[in-house]
């Protein structure tokens, strides 16, 4: 089991990142994902910078939609931790029960048709190649 | 290689579905996916009904966002046909180059963090279990 | 691109395995999969012995059903080579167009419900744990 | 954790589907999968109709073999819920310990050879393209 | 839940393999993986022979590196059992916390770039085809 | 098909990264992966920084071993582009035919045993939990 590094026991390097996570999210809560990555500060820093830029940075895609996309990937991969944490995050950003259910329906359907396309060995239409 | 069933050579049962695809999409174009599934009319019918309901039916999620979610799944699974066809569909619904790039960044990031969560065997936070 | 080792150019060690493949399959044809693995004789030997035992050895599951299961895995993983080769093998063992289509429908459906189970984080029923 | 909707607390729309599940399976037991999907009746209805048609409808593939294929997909994807529920279903339809073990051996072997084909970048034989 | 076959209750056939596992690993401990496979002696034998040859046999790749590769696959697939058992095995062979963290970083990065390559539909460079 | 941005046509921002790729790799060759990501400079920059740090930065894991791990992931995911490019990179760093073959054997074996662990629903040994 991975050791989880609490804020109180963290080095200055880790604490600076924890502080940025707290500030960015306007919440004191540091979830286990970051506490685990803190075992290797370069991974903690790099992963947080990427996540902050991609999920909380400027961009055209709405923050809630970003979470929906994140969940779609996590459900497809079957990542239990990521499904639990990002479903919670999406609800905090306003995901209703209906939106969650519609998201699941799309993810399920895409996983279905992906395999039909594989199995029937369907050639890509010329008009989709441009 | 799967035989692709053209509109001209289709049975009444298949043609009725082709007509509904055309009407729903306001386009005469039937892509190879449907022409391949037409080899087994029950699969063609069931898959089309599901796709129509999930991707084109009423719901709270915007049609373009539905395509983004679809692409996220297809990219995660590496389904070449589905990536090509739904990227084309998303562009037709207004996906800009920037939105596509942001989508790719989210999908890539989620695939990365999914494996960090797996590998570090991170326990789900209690607050994500409710 | 992997070098493909032809029967004529093979060492005695490889040729003995090629001969066993031919005898087991009652066909002179050696497909590219084996010609590629022949670059590393221990892998060729070990893989062939496993495949021969699992796919052609004694057992309760019918040879055609074994191929259907094999295809189900290959389609789920999106392995183009394996889908093409085992679909051909299954047809040689009697897979009709309808059986292929039913197989695809089951594989597609299972891939769909797998994600619904993931996404809804459904607890395993007690009665399924025994 | 997803709310599970019990028969007693279900709406008329959900109850009608629960009744059909019970009738089709000749059993009063409604498993958690359906109780979870019942949170979104359109998903419950669509998923049940698909599953009923594909797994319990007419067709050339034997009902037990359908379950074996379903398990093959679920094991490949690592879907814990689906492995548990469909292994139970397959045993109820007559799957012996030996058939289960043979199934696992085929699934394991296919997952192995799928990666050998990927890694060696093996070109598809011409004779598998027709 | 799979029945786990203890050494004391095993048949001669299974015990001979258990003895070889113990001798090869210089440890009396038989882990649950083998106790589960022992339900089907041919699978136990075949899987052990393969694992012994590939992971403990002669070869150019260092035993610890073999474990790192094994973990990379298991983390990508999200196999909880395999991650836990092979992380333990790697630590026993000398994997430090830093090496584990670097391994995770590589696995995470590869999973990220794999999807960027899929999503951008990047053509393979000619110089990578030779 | 993604537009590939050549060095000659790149903006100052992209060119600076191309220059760093060239300097880091001691080669003028910019492969298609980077030319595709250059369509979105923030993704190009972030991905390059991560890859440079993880694959070419200081660390305990040998550069060739890093490539082997990278290939293991790419083969498991079936990413054609990544398999082709990183196999080429690994050969440039000294990967022999035998090392490649041993790598493939480990990847194939791990993919096999991952599914046996899934399918037999094997509980994690207590001693692997610490």
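As written, the chains take the letters A, B, C, D, E and F, and residue 1 is the first residue of each chain.
Here is the rule we go by: contacts are C-beta pairs under 8 Å (C-beta built on N, C-alpha and C of every residue); 3 or more make two chains touch, one makes a residue touch a chain.
Here's who's who by UniProt: A, B, C, D, E, F = Alkylhydroperoxidase.
The shown structure was predicted, so the numbers you read here are calculated from the model rather than taken from an experiment.
Steps from chain A to chain F, taking the shortest chain of touch contacts, total 1.
Distances between chain centres, each the mean of the C-alpha atoms, put B farthest from chain E.
Of the two chain pairs considered here, D-F and A-D, the higher C-beta contact count falls to D-F. Taking each chain's centre as the mean of its C-alpha atoms, the one that lies farthest from the centre of chain A is C. As a whole-number value, the distance joining the C-alpha centres of chain B and chain C reads 27 Å.
Each chain gets a centre from the mean of its Cα atoms; for chain B and chain E, those two points are 34 Å apart. Among the residues of chain A, those in touch with two or more other chains are 1, 39, 42-43, 46-47, 50, 54, 76-80, 84, 87, 98, 102-105, 107-109, 111-114, 116, 118, 120-121, 129.
Taken chain by chain, the contacts link every pair, so each chain touches all the others. By the touch rule above, chain E contacts chain A in their complex via residues 78, 97-98, 101-102, 104-105, 108. Residues 1-2, 29, 31-33, 36-37, 39, 43, 47, 50-51, 54-55, 59-61, 65-66, 68-70, 72-74, 76-77, 79-82, 84-85, 87-88, 96, 98-99, 102-103, 105-107, 109-114, 116-118, 120-125, 127-129 of chain C are the ones touching chain D in the complex. Every residue of chain D that touches chain F in the complex is listed here, in rising order: 71, 75-76, 78, 80, 83-84, 87, 103-104, 107-109, 111-116, 118-121.
On the chain D side of its complex with chain A, the touching residues are 39-40, 42-43, 46-47, 77-79. Those residues of chain F that touch chain A in the shared complex are 1, 42, 46, 50, 53-54, 129-130.
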